[in-house]
Amino acid sequence: MDASSLRALIDDIASGACSPDDAVRQLRRLPYVDLGFARVDHHRDLRQGMPEAVYGPGKTPEHCAAIVEELLGATDGPVLLTRATDAQVKAVVAAAEALGYGPGIVTGSPLGMTSTVVYRPTEGRAGTVVVITAGTGDLPVANECTAVLSALGFQPQLLVDCGVAGLHRLLDEVDTIAMADAVVVIAGMEGALASVIGGLTPAPVIAVPTSTGYGAALEGVTALLAMLASCSSGVTVVGIDNGYGAACGVARLLP
Amino acid sequence: MDASSLRALIDDIASGACSPDDAVRQLRRLPYVDLGFARVDHHRDLRQGMPEAVYGPGKTPEHCAAIVEELLGATDGPVLLTRATDAQVKAVVAAAEALGYGPGIVTGSPLGMTSTVVYRPTEGRAGTVVVITAGTGDLPVANECTAVLSALGFQPQLLVDCGVAGLHRLLDEVDTIAMADAVVVIAGMEGALASVIGGLTPAPVIAVPTSTGYGAALEGVTALLAMLASCSSGVTVVGIDNGYGAACGVARLLP
Amino acid sequence: MDASSLRALIDDIASGACSPDDAVRQLRRLPYVDLGFARVDHHRDLRQGMPEAVYGPGKTPEHCAAIVEELLGATDGPVLLTRATDAQVKAVVAAAEALGYGPGIVTGSPLGMTSTVVYRPTEGRAGTVVVITAGTGDLPVANECTAVLSALGFQPQLLVDCGVAGLHRLLDEVDTIAMADAVVVIAGMEGALASVIGGLTPAPVIAVPTSTGYGAALEGVTALLAMLASCSSGVTVVGIDNGYGAACGVARLLP
Amino acid sequence: MDASSLRALIDDIASGACSPDDAVRQLRRLPYVDLGFARVDHHRDLRQGMPEAVYGPGKTPEHCAAIVEELLGATDGPVLLTRATDAQVKAVVAAAEALGYGPGIVTGSPLGMTSTVVYRPTEGRAGTVVVITAGTGDLPVANECTAVLSALGFQPQLLVDCGVAGLHRLLDEVDTIAMADAVVVIAGMEGALASVIGGLTPAPVIAVPTSTGYGAALEGVTALLAMLASCSSGVTVVGIDNGYGAACGVARLLP
Amino acid sequence: MDASSLRALIDDIASGACSPDDAVRQLRRLPYVDLGFARVDHHRDLRQGMPEAVYGPGKTPEHCAAIVEELLGATDGPVLLTRATDAQVKAVVAAAEALGYGPGIVTGSPLGMTSTVVYRPTEGRAGTVVVITAGTGDLPVANECTAVLSALGFQPQLLVDCGVAGLHRLLDEVDTIAMADAVVVIAGMEGALASVIGGLTPAPVIAVPTSTGYGAALEGVTALLAMLASCSSGVTVVGIDNGYGAACGVARLLP
Amino acid sequence: MDASSLRALIDDIASGACSPDDAVRQLRRLPYVDLGFARVDHHRDLRQGMPEAVYGPGKTPEHCAAIVEELLGATDGPVLLTRATDAQVKAVVAAAEALGYGPGIVTGSPLGMTSTVVYRPTEGRAGTVVVITAGTGDLPVANECTAVLSALGFQPQLLVDCGVAGLHRLLDEVDTIAMADAVVVIAGMEGALASVIGGLTPAPVIAVPTSTGYGAALEGVTALLAMLASCSSGVTVVGIDNGYGAACGVARLLP
Amino acid sequence: MDASSLRALIDDIASGACSPDDAVRQLRRLPYVDLGFARVDHHRDLRQGMPEAVYGPGKTPEHCAAIVEELLGATDGPVLLTRATDAQVKAVVAAAEALGYGPGIVTGSPLGMTSTVVYRPTEGRAGTVVVITAGTGDLPVANECTAVLSALGFQPQLLVDCGVAGLHRLLDEVDTIAMADAVVVIAGMEGALASVIGGLTPAPVIAVPTSTGYGAALEGVTALLAMLASCSSGVTVVGIDNGYGAACGVARLLP
Amino acid sequence: MDASSLRALIDDIASGACSPDDAVRQLRRLPYVDLGFARVDHHRDLRQGMPEAVYGPGKTPEHCAAIVEELLGATDGPVLLTRATDAQVKAVVAAAEALGYGPGIVTGSPLGMTSTVVYRPTEGRAGTVVVITAGTGDLPVANECTAVLSALGFQPQLLVDCGVAGLHRLLDEVDTIAMADAVVVIAGMEGALASVIGGLTPAPVIAVPTSTGYGAALEGVTALLAMLASCSSGVTVVGIDNGYGAACGVARLLP
């Protein structure tokens, strides 16, 4: 149940189209369903402005399928499965098809990493969101981010391989960056791109450190620390490789 | 030069009130002034939507005074001095008074830490900003944050001592939190407040870890990590004790 | 030899049912047996109130089987094998069957991780123990904890997926939590659940950080630090993923 | 309001000695008072089984005095001030004397560190609590712990300087340790004492790492990690130098 | 060339059995042979009192075989291959057999880890060396240590599973420990055994932290730090899992 | 386009061999080509003095082949592929052969690690470069370094296995080291070789820490820190295992 | 004795101006003088191309004075004292004046930190060296670097406050940077400047992380890691705040 | 009571000079005295071969004086006070003088750090011990080490400022090092000296990392890790700045 369906219900009560008893029954419906191994949170969309995503790791394919099934049946907003293995994707797609849904939008990684699966994406939300990566190796995280942004109704623009070692590649995109309503900067290694972008635009900049790189990159910790210590004021940061979190952060600030 | 004075200039060009030559002269004016020991960045307001703040540590009182003097003379937006010692505050206030300014708005800490000094704060910017702290010990960081928010035109609402160990204190403020356009969560120790607030509102949540606490709090690193690993999606984070950065982050997202 | 069999022996000495010589022989029996690769500690139950558990990693299946065999033969309390691979489980079950025992109680993980095996669980010990997890991904650790609690005679109640991002799911369980004699809180990522639970109950709270999560979760270190720095006073902590240790901690405090 | 005064109130309602209206008024009394800079939590005793302690660091002496004043006036259980500087102690003592209280019980450190101040300690609570330190240098933490235990009604027994390098000093105390209902082990450097004590008693053992030592002791991190990795099962741990937390942990498990 | 063969050569020069020219030729023989991918150090035995060991990791089986071949041909002391994979062992054994040697003494691990291979072990060196482990899981490191000690001429006594959680198992061995000329303590988890042993004997104690354990054991770092911070004075430490280094340390101090 | 081809173009413009229109067309050619998943940087050679290398990890074989194809077609300097898997090497070699190139110079590792592939290496650049490793286990990093040095036109001299534990092996090479124009020191474990070499030569010394070693070597962090803290002044350092970066560092300083 | 005075000596030997006996006496002169508390290294200039600097911390003013006295008397190149307190400077200046030297070139910090003192600076060495800092707070490190560069004969050009948050300030200096023979980049916080500079010039770039900043800057560790993980190939790094080391690194590469 | 006085007692029993009753009385004497704030361990000398040292930090001057008084009165071996402040030294000296002792041997640091105080040093113990430091800044740690070695009966030889950056200074001392029975290597920064010394002598080498240095030296952690990861086999390590521990380590291995 999201904000618009709640408003519809309230309108129906006001107009008499929904009886008080029915209203109570719908509203009293538990805000979550206890599946035994998980509590599916139906009201999260209403409360947080974004639906509960099913985080794949640590769940069996059957767990994933059952939770997605519950969400598809009891809510009517977007449904997301993130960091899913092939087996989890397969189980979820089968369960969704049994409910009459198509295969969903599966955003995988060309390198065989985990996938993001989306059902019932939100339609056309305003706001220009630019997702920019420092290197090609940051693509898997960027893909997760744009998949979730799309599920939440945005049409993100993806700029790949704009790292600061080739500053002219970045400067070519200055106009695109300057006109965005929100910018997600995705970078590994030393994460310097966040500081540079932060200095080029007054828009909100959410930085995502990635575990790209080796040695002193410390699996993303270096980029994380560098982004937090950024000399560009007002840049905010999410966890390492957390493309999903950055997309949700954008959804919070672009209503 | 900020966005509104730029627009005024352009209008003057369009109306003929400013000759093309004058316009060029004004626009070509160097975007910074090289003081030898610092390059004062006059266009930052235009480019990033917020004025350059003078960061006190590592500068002599004379450095601080000269930079503030240059900013007061060459720009017309707000001027900030952050993390200033008493000697720096004194030097800056003297320099500002020599230019005909009052003592500025000095936000100190009751515990004798550094101060924030503001000149020419922006007037009445829309947007409800709630700044919420877990404990009384987080007040110095919250004070820096609200001082900067005020300089940038906001009228932040400060909720102190709402840590999760006394959940009812927090639940009393749920309506205030739910109606905010942006929430800054300031917490040390284990930083759990960010996750709880993130679950209660769909608005943007910027989390500031503080160095409050001892032992395993690791001078803010624990809260920082906890906020980055938050189970509430879309919460973004700035550096430890960085109340200034959180305020700038709010300014980026509330136009 | 546990406390009750010791008392029986002493009673027998007092009543003359056991001659002094026999008593000496039984009591002088080495408190451990040296198997060459391990010293099986028969008196641990008496000394620490809980039996020695066989920790699987670093032992061959044959080591595990021989130690369990010795424990089943020379003691009469519960026998535990923890973190066992399938090969270790198989070897132990075969050895136990050769001694006339059934297959034991094997608590595996649906995700193919290691198992806990229990023989001769203690019967009905008083005390209400609640084990509560933040997410579904914490289940493997919770399963180890409840398996050991059951072996030690408790009937733990398991509440899954009560993370603080959906506070209402947790608040529904407030009564259950408030009436518990001991609560084990199992959470990864930022581990905020421990602080919230600690604020809701006066009972002992043992927090178990888990390695669930990625990036800034630092494989459990973030949750560990957050739980240690908890603003809820009196919460105590065991090592990362140490469901076994938490169960033993409960056994120490509920006699 | 603590558990016994609540029960008295309920008895009064049952007997008619308190009218329903009065009961409502008393019960509806806000569970905290908002002092502007702090929210004093009156119900914590009822909810957590221990009173809110005023944590000194980050508060002005005036803050401390006002909060203690509020607590002395609006509750009737013990009141604690921890980690207080001399100025804070002085301000609090003055405020308490103005309310007709004596100077309180001030437990300082011979080395000039912070003090613990207690008013209205709870009377004679059952349970044998042993507090044991590895070295003389751990005394300041032990003093905080015993001061808080005394405030909560216990009569802790303090054993100092029982480190494992002189095992015979420890073995002399084996009987004392074995008969305790709870043991708090306080040790810095390598923290080995927790493992040894954990192996000697079936009672709950709460370990407190201290920042005693230098070099590889890493200001308590080494002892913290060692205690968490203890080979003695069921030992639980609180944060570095957190004598207060250990005392509260004891209060949770000895009703 | 070790010390005794050098003395023999010098005696031969003195007696005329070796001509000055021959002596020069033998002594001028390069102290190492450059194999292109490795410089085999023939004089290390003379200089350091122990032969160069071939460290397996990072070398191909062919590298290992060639180096061992060179050492067997050009020196006459013990030859060691450490941390060898099965393929490396196989290649070395084949090369040694081609030179007329037997299969060497291969000390593997029952858990399929790497092996130590020894050719031409030194004969009967005086000195009682006790190697003591905290748990069965420390055996692979202890095996490496005793294999190297044997190669260097010692007959180490191995005491397994004497961790401090069962202090009586350790106390049974007090006499053995007290009479040793050197003690190697091998322990993972919290490494407390080193402190306890250090307090029981005046002999040299070399502590080896192991990566046994999980979570807060931090793959040996916890034990390492604990051993370095040991409250037992004069305990010295080698690197994590470095059974080889401890054996060499013993060889340095027992001539 | 590198410096010499730019100069040729300018000469052609000056001599009239190239018309202004053609010159503009060639010069206006975008400094990179946007392949969608990567921006190939044609001018890097001109700007940084070294060509863009294709970093294998995180790219599909197809990505690698397409980027190399673009670089071979649009530039005329050396082309490098680093840290390539066998599949990436195969795809790139096939693409290069389709363009009429041979198989390239593939420098693999005998231990099956990743390879470096070079096309069109620069010819005979002056300057004596010595690459020296502490052990045989550092060879894979040294191989990457010498492969890149060769691609950039140098003829590096490789000295293997000169670790400080056998100082005489190193002292034999003192003359070689003293006469070098630049020295790359590659060492794992404690990285002491960098300090010793730094004390023996006035030439630039670039130190590369490697992840060789175990336990306290912390996968290269120990060597990294040791090299940064070197007591030999003027030694500079690149990231862990970064043989490529050291080679580029040499190219920057030897024109 | 530096390279030119050695050559002069050899020429004198060749011409007969210096007798063989005198030559031997001069050359056999001990390469260091043992002062009891320090060994003054007279040949370092010859061996490493730069004179031994006296590092102040841990030495008494008397130690410093005696070592400088010895160096001034026994060598004829530049003499440096680094990180000196006021007392050390005073003692050294007094000792130098007693030898007939002036007060030396003392480069202090306006913020009262330690000073660098130089006697007999080398004359006019070729090579354009640019020292560039990200912020004004990096000046103390830059001052140490330029003082040492000047002592070694360079005339460094200092560019202050060119951080990447105001990219235009940096771009104005692109030509200066592009024409330098060596660039030292000094930056704290996230250290992004090193990557950007590395992408703009083919010259050697030595990066110096500084401890400027707070919180997540981790006292320079963040900048250090970021510079090591730089995406600009061939950038090399020295230790935190090590302006001296960077200057020596430049001296190694510009002969 | 040390080993020789015990033997004397036993001889007296054998010869009848001491009656059995007296022997029992002397032997039953408590092995420690409980001073309330400390347990003075009289038998440590017998058990560990070295007397209990009084570690200053965390003790009041009165604590120190009382413990030293007890040790002087009840034992007859050497008495040590380590890491003592001036106030502690003063109190101890006064107490000792009251017992008729002289001022003791006070080894301070010229830089005002803590002191070591020794009473009744052991006489002339055999064994050549060399203590070697990398720099002058390591002297305070070396001073503690030699003071304790002297107290334990050795006549250590101190070699200062032999760091590896000036290898010739070290090579001059090769003979001294090669003939030592034990070598203590004291070094900060990168600690490379331990590896080099370890390669030059077959004697036991105990390495002491010091907190000398700055930045990447990480207050001794870098030297510590480097020494543990040393490529010279058999080097053992004690904690950072632990000169006392190294001296005790020597006492354990040289009887």
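Just a few scattered comments:
As written, the chain order gives the labels A, B, C, D, E, F, G and H, with residue 1 at the start of each chain.
Assume a residue touches a chain if its C-beta (ideal position, glycine included) is under 8 Å from a C-beta of that chain, and two chains touch if they have at least 3 such contacts.
Note that the coordinates shown come from a computational prediction; the quantities given were computed from them, not determined experimentally.
Least step count on the touch graph, subunit C to subunit G: 2. Any chain that touches subunit A and also touches subunit D is listed here: B, C. Most remote chain with respect to subunit H, judged by CA-atom centres, is A. Subunit A and subunit B have CA centres that are 28 Å apart. Centroids built from CA atoms put subunit C at 38 Å from subunit A.
Computed from the mean C-alpha positions, the centre of subunit A lies at a distance of 50 Å from the centre of subunit G.
Chain centres here are Cα means. That of subunit B falls 60 Å from that of subunit E. Among the residues of subunit E, those in touch with two or more other chains are 47-48, 135, 165-166, 198-200, 215-217, 224, 228-229, 232-233, 239-240. Going by the touch rule set out above, the chain pairs that meet are A-B, A-C, A-F, A-G, B-C, B-D, B-G, C-D, C-E, D-E, D-H, E-F, E-H, F-G, F-H, G-H. Subunit F meets subunit H in the complex at residues 134-135, 163-167, 189-192, 194-196, 198-200, 213, 215-218, 221-223, 225-233. Those residues of subunit E lying in contact with subunit C across their complex are 110-111, 135-140, 160-162, 165-166, 168-169, 212, 214-217.
Contact residues of subunit F toward subunit G in the complex are 47-50, 53, 182, 198-206, 224, 228-229, 232-240, 244-245, 247-253. Touching subunit C in their complex are the following residues of subunit A: 31-32, 36-39, 41, 43-44, 47-48, 52, 55, 57-60, 62-63, 209, 211, 220, 224, 239-242.
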